[in-house]
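Listed after this line are the structures, all set down as C-alpha cells.
Across the two complexes that follow, chain A remains constant while its partner is chain B and subsequently chain C.
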Partner chain A sequence: MDFLLLLLASGLVSGAAYGLIAMGFALIFKSTGVVNFAQGELVMLTAYISFTLYSTFDLSFFPLMLVTIPISMAIGLVLERLFIRPMLGEPIFAIVMVTVGLAVVLRGITIMAWGPDPFNFNAGIPTRVVTLGGVPFYPAQLYLIGALGVLTAAGWAFLRFSRMGIAMRAVAANETAALLVGISVSRIHAIAWMLSAAIASIAGVLFAANFKLAPDLWFQGLRAFPAVILGGMDSVIGSAVAGLVIGVIENLFQGYVGQGLREISGFIVIIIVLMVRPFGLFGSKDIERV
Partner chain B sequence: MKNGLLALSAFLLASTASYAADPGVSDTEIKIGDVNIMTGPASFIGRAVSVGSKIAAAEINEAGGVNGRKITIITEDDGYVPARSFQALTKLIEVDEIFALNGTSGTANVLAMMPLIEENNLPTVVTTAPNELVYQPVRPSVFTVGASYSDAFYAQLKYIHENTEPENAVYGLIRQDDDFGGAVEAGYDRAVKEFGVKDGLRIRFKKGTANFAAEVAQMRQAGVNVLANGGIIAGAANILSEARKLSMDLQVASVWSEDMPPSVNLSAPAGYDYLVADYVALSGPAIDAFLEKAKKYASDEEVAAINRYTYVTYVGLKALAEAMGQCGQDLTRACTVEKLRELKDFDTQGISAPLSFDNPEQLSGTAVAVYQLNAAEKTFTALTDFADY
Partner chain C sequence: MRTGHFKERTAQLVALSDSKVVWSFAGLLLALVLAAPFLIGNYQVTLLVSAMIAIVGAVGLNMLTGTTGLISLGQAGFLAVGAYTNAILMMDYGWPVWLSMPAAGVVSALVSLLVGVPSLRLKGLYLAITTLAFAFIINHVILYAEWLTHGPNGIFVSGAKVFGVDLQRGKALYYMTFGITVVVVFAALNIQRSRVGRAWMAIRDHDIAARVMGVDLLRYKLYAFMVSSFIVGIAGALISLQIRFVNIDVFALILSIEALAIIILGGLGSIAGAILGAIFLSLLPEAIRLFFDAFADTNSSFYTTYVYEIRGITYGIVIIAFLRLKPEGLIGLWRDVRKYWSNWPLAY
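Right, the complex of A and B next:
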C-alpha cells in the first residue's frame, strides 16, 4: 500500500509537469491551429530568466512568479509579433516549420546566455520534506500539483465565462465567423501566445525546482506532447487531465512492471484511447491535425 | 648563370627538408589538433579539455618547447555530433595541417574520426573516451588513457564491501539502458558475484530521464542500502534527492562525472557522502600544484572551467610531447607513434598513475583511486591509492 501511494504521488508530480506544459501547447493550438514546437524551449527560456531573477534579487516563490510571468508574457507577445504574425495567411505547415526554427534559435540563445552547466534552482521554495497522508513530498512537488489544479480551474473559468475566453473559443470554432462578428483574431492569437508563455514559465520554474535547471529542459516539451494528443489537441483542460493520467500510468508501470516500460506505457494508453476516440479524451471531433 | 642555378638548386634542396617532414611540423612549431565539444549542453567537458591542452602546451613551450619547437593547439568544435567530428578533423588535417591529435570528444565521435586517423597515421591520444570500442581492435596510431566504468564501479563496491558495508547489506543498481550503462552493470555484476552479497534490484532507465521517484521507491521497496548510482549529473542528483525524500540510509557508488564541480553542486544538497572512482587525482598535492600552474597559464574563466577532463587531457598532451621529444629533430608521425608505443611509466606528477602504452591495447591509466565526497564542504578525500582492478 505504502509503495502504491508512493507511485501514485510521484505519478501526480510528473503528471502535473506534463499537464502544465501540455496546457501551453493546447492553448496555442486551440486559438491558432498551430502546433507550437517551440513550447518546450519557451518553458526552458522562461525558467532560466526566472533563475536569473531569483539569483539577482533573492525572491521567494510568489514574488518571483509575479515578476517572471509578465516578462514571459512579453516574450510570448514578441515571438508572436516577430515570427508568427508575418506568417498569417500562410499554410499551417509553414507556420509550424517557423516554430521548429524558433525552437532551435531559443535553445541556442539559452545556452549562449546561461552556459551549459546545470543549476540547483529551488525558486524560493523550501526544501524540507513534508509528509501528507504518510507520503513524503518536497514542497516544490506540492506546488507543482497545486499549480496544475489552480491553472486548470482558472483556465476553465476563463474560457467559460470571460469575454476574452469566449472570443478565443469563437476563433477556435470558426475564425472567419469570429472576424465577421468583430473579434480581432490577430489580437486573440497574440493573447494565446502570451497566456501560453505565462503557463510555460510556471511549468518551467516548477519543473526546474523539482528536477534541476539544465539546458535539456526543452526536451520536456516533447515528453509532454503525448498528453496533448491524449487530452485532445484543442482542449486546454483535457491536456491538463491527460498529463496527470500519463504521469500516473508511467509511474505505476515503472513501479510494478519496470525495466524501461515507463515511456512505452504512456504511448500504449494513447494508442488505445485514439483507436476509440481519435480526437482525444476531451478534443473536438472536427479539429485539423498537423 | 651556372652559379645561379646551383644556388637555386641548393635553396630548393634545403627548403624541401621541411617539406619532407610530416605535416604540422616546422622548425619552430608543432601543430596539435583538438576536436572537442565546445558548444551545446556537454560543452563543460569540451571547455575543460581545451584548458588542459592549453596549460600543458604553455608549460611545455615555456620550458623551451619540444626540441625547440613550440606547440600550437588548434581546436575545432564538434558539438558532440559524430558527423561534425569527422568534418572537424578533415579541416584540421587538410587546412590546418596538424601533426597529431589530443582532444577527441566522445566515444562515437572518436570512432567517426577513426578512418581519417588511420589513413593519415595521425598520432592520437584519446583521453576522454576510454571505451573498449576505441582500443579494440587496436589502431596503430591510437593510444588511450583511462579506466573502464566497469573497473571504477567494481573498485567502489569493493571499498564499500571491505570497509563500510552496512549490516544486512542489499545492493542495488540503477543505470542507463545503453553501452555506458552496460559497462556500469558489468562492474556491479562482477562485484556482487565476487563478494557474494545480496543483489536486491537492477533498474534501467532511458537517457534524459529526470524523474526517478518510481525507481527510487522500487529501491526502497527492495531494501537497497548500497546503491550503484549510474545516473550522471542532473540524473544522479535527482536519484539522490528522491532517496533523501524517502529517508534512505545509503552507501553510494557513482560515475566519475560526479566528481566535477557542477555535478557536486547539484548532488551535495541531498547530503550523501557518495564515492567515486577516477583515473585522475581529485585532491592532494598533485592537484594543488596543478591548480597553481593553471593560474599562471590560464585566465580566471578558464580556471573556473577546470575539472577532471582538464587533468586527463593535460597528461595526454604531456605524454604526446614526451614521445615527440624522444624523436629529436627528425620528428615524424611514424617516429612519434613508435615512441608512444614504447612509453613506459611516464610520470604524470601524481595527476594519474604513471602512463605506459607498451601493452597490446596501447591502453594506459587504467588504475583508479576511490574518493569520497564531503557533501557539506563539497570536497573529495582519497580513500585508496591508484590501483588496477
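Right, the complex of A and C next:
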C-alpha cells in the first residue's frame, strides 16, 4: 500500500512537469495550429537563464520567477517575430519544420553557453521534507504540483472570461472569421508564444529544482508528447490533466511491470489512444469537407 | 527561337527523361563516380560512401514523406531496425552478407507495418508524433532485449565477404554502395511514374479526393510504409557495414531530423532533390570542419567539446534558411538556374 502511495505521489510530481510542458504545447497549437517542437528547448533555455539569475542575485523562489517569467516571455516574443511570423501563410508542415530547426539551434546554443555539465539548482525553494498523508514530499515537489493546479485554473479562467482568452479561442476556431470581426490574429499568435514561453519557464525551473539542471532537459519536451496527445493537442486544460495521468501511468508501469518500461509506457498509451480516438481524449474532432 | 520545352506525346510524359542531353550527362556522372576511387584519396572515398548511404535513406524517406505526404519522424527507428537485423544475422547467425542485407530490408518493412497499421487513421502532426513514439519504442526494445541485440554493448560487424572480397573495405564497399544506390534510385524513379506512385501523389494532394477516385487508402498507405522502410532498412544495413559497430547511440533522434532536413532542403517529393540534399548535408560537417580549419583551430577544446552542437546548429540554420528563402529546395534552385540558362537573355 505504501509502495503504491509512493508511486502515485512521484507519478503526480513527474506528471505535473509533463502537464506544464504539455500546456505550453497546447497553447501554441490551439491558437496557431503549429506543434512547437522547440518547446522542450524553450523549457531548457529558460531554466538555464533562471539558474544564472539565481546564482548571480541569490533570489528566493517567487522573486526569481518574477524576473524569469518576463524574460521568458520576451524570448518567446522574439522567437515568434524572427522565425514564425515570416512563415505566416506557408504550409503548416513548413512551419513545424522551422520549429524543429529552431529546436536544434536553441539546444546547441544553450549547451554551448552553459557547458555540458549538470548543475544543482534548488531555485530558492526550501529543502525540508514535508509529510502529507503519510507520504514524504520535498517542498519543490509540492511547488510543482501547486504550479500545475494554479496554472490550470488560471488558464481556464483566462480562456473563459478574459477578452484576450476569448479572442484566442476565436482564432483557434476560425482564423479568417476572427480576422473579419477585428481580432488581430498576428497579435494573438505572439501572445500565445509569450504565454507558452512563460509556462515553459515555470516548468523548467520547477523541473530543474526537482531533478537536476542538465543539458538533456530538452528531452522532457519529447517525453511530454504522450500527455499532449492524450489530452488532445488543442485542449489546454486537457493536456494538464493528461500530464498527471501519464506521469502516474509511467510510475505504475515502472513499479509493477518492469524497470525499463517507464520511458516508453506513455508512448504505448498514446498509440493505443490514437487508434481508438485519433484526436485525443479531449481534443476537438475535425470535420473535413471536400 | 525555342519558346520552351513542350511534351507532345504521352510517351514523352511517361519517359524518365526524353532528353538525350540529360541521359548523356547522367552517363558521364555515373562514369565519374565509377572512376572516383582511383582519382581521390581514401578519406574522400569514405565521405562519398556516407553520402551514398544518405542518398539511399533519403530516397526511402522521400517516398513516404515527399511522395505520399505521410510525415515520419521515425526514420532513425527504421535505420536502427535495418542495421541491427543485418548485424545480428551476420554475426550471431552466420548469414552471408548478400542474404542478410535483403533480410534487413524485409524485417524493416514488416516492422513498418506495426507503425503503419495504427497510423492509418492519423494525419499530419498526429502521425509525426506517432512515428516519433515508434522510434522511441524501437530504441527501447533494442536496449532491453539483450538476448537478441546485446543491449547497450552493441555489436561489432565484420567479415562481410562475398567470393573472398571483403565488402567492408575501401573500394569494395564503395562499389557495392554505389550499385545499391543506383538500383534504389532507378527503382524509386520507376515506382513514382507507375500506378502506385500516382496513387501516392493523389493521397498526398488530397486523400479524400483520392479515395473518391478509387484509390484504396489503406492499401497504398501501407505500400508506402513498406517500400519506404524496405529501402531505409537497406540503408541501415549499409551503415552497419560501413561503421562496423552498431550501437543505440548511432540511431539517436537527431538522425530522424537529419533525414527530414535532407529531403526538405533537397526539395520534397523529388528524387533528384533527395540526392542533392543527401550530398549537401553529408558534406556539410566536412565544410564546417574546413571552415574551422581556416578561421580557427580545429584542435581547440571549444571545437572538440561542442562538435555535435555546432553541427546541430548548422543543420537547424540550414533547415530554417531553406524553408524561409527557398521552400522548393535545392532542386528548385537548379530549376531556376536551368530556366535562366535556357531563356537567356529573356528573364522569363
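The criterion applied here is as follows: the second predicted complex is superposed on the first by the 285 of 290 C-alpha atoms of A that agree within 3 Å, B and C clash if a C-alpha of one lies under 4 Å from a C-alpha of the other, contacts with A are read in each partner's own complex, and residues count from 1 in each chain.
Here is the rule we go by: a contact is a pair of C-beta atoms (placed from the backbone, for glycine too) under 8 Å apart; a residue touches a chain by one contact, two chains touch by 3 or more.
The structure presented is a predicted model; accordingly, all values stated were derived computationally and were not measured.
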Contacts of A:Pro116 with chain B and chain C, given as first, second, both or neither: both
Chain B versus chain C as contact partner of A:Gln254, first or second or both or neither: first
First, second, both or neither for A:Glu263, with chain B first and chain C second: both
First, second, both or neither for A:Val100, with chain B first and chain C second: second
Partner chain in contact with A:Pro278 - chain B first, chain C second, else both or neither: second
Touching partner for A:Ser14 - first (chain B), second (chain C), both, neither: first
Contacts of A:Phe137 with chain B and chain C, given as first, second, both or neither: first
Contacts of A:Trp218 with chain B and chain C, given as first, second, both or neither: neither
Which of chain B and chain C A:Leu6 touches, first, second, both or neither: first
Overlap of chain C and chain B interfaces on chain A (superposed complexes): 111, 116, 260, 263
List of chain B residues in touch with chain A within their complex: 39-44, 177, 203-206, 208-211, 213-215, 217-218, 220-221, 233-234, 237-238, 241, 244-247, 262, 265-266, 269
Of chain C, residues touching chain A in the complex: 71, 118, 121-126, 128-130, 132-134, 136-137, 140, 143-144, 206, 208-209, 212, 253-254, 257, 260-261, 264, 305-306, 309-310, 312-313, 315-320, 323-324, 327
Contacting residues of chain A [partner chain C, same complex]: 35, 83, 86-87, 90, 92-94, 96-98, 100-105, 107-109, 111-112, 116, 222, 225-226, 228-229, 233, 260, 263-264, 267-268, 270-271, 274-275, 278-279, 288, 290
Chain A residues within the chain B interface of the complex: 3, 6-7, 9-11, 13-14, 17, 111, 115-120, 127, 129, 136-138, 207, 210-212, 214-216, 219-220, 250-251, 254-255, 258-260, 262-263
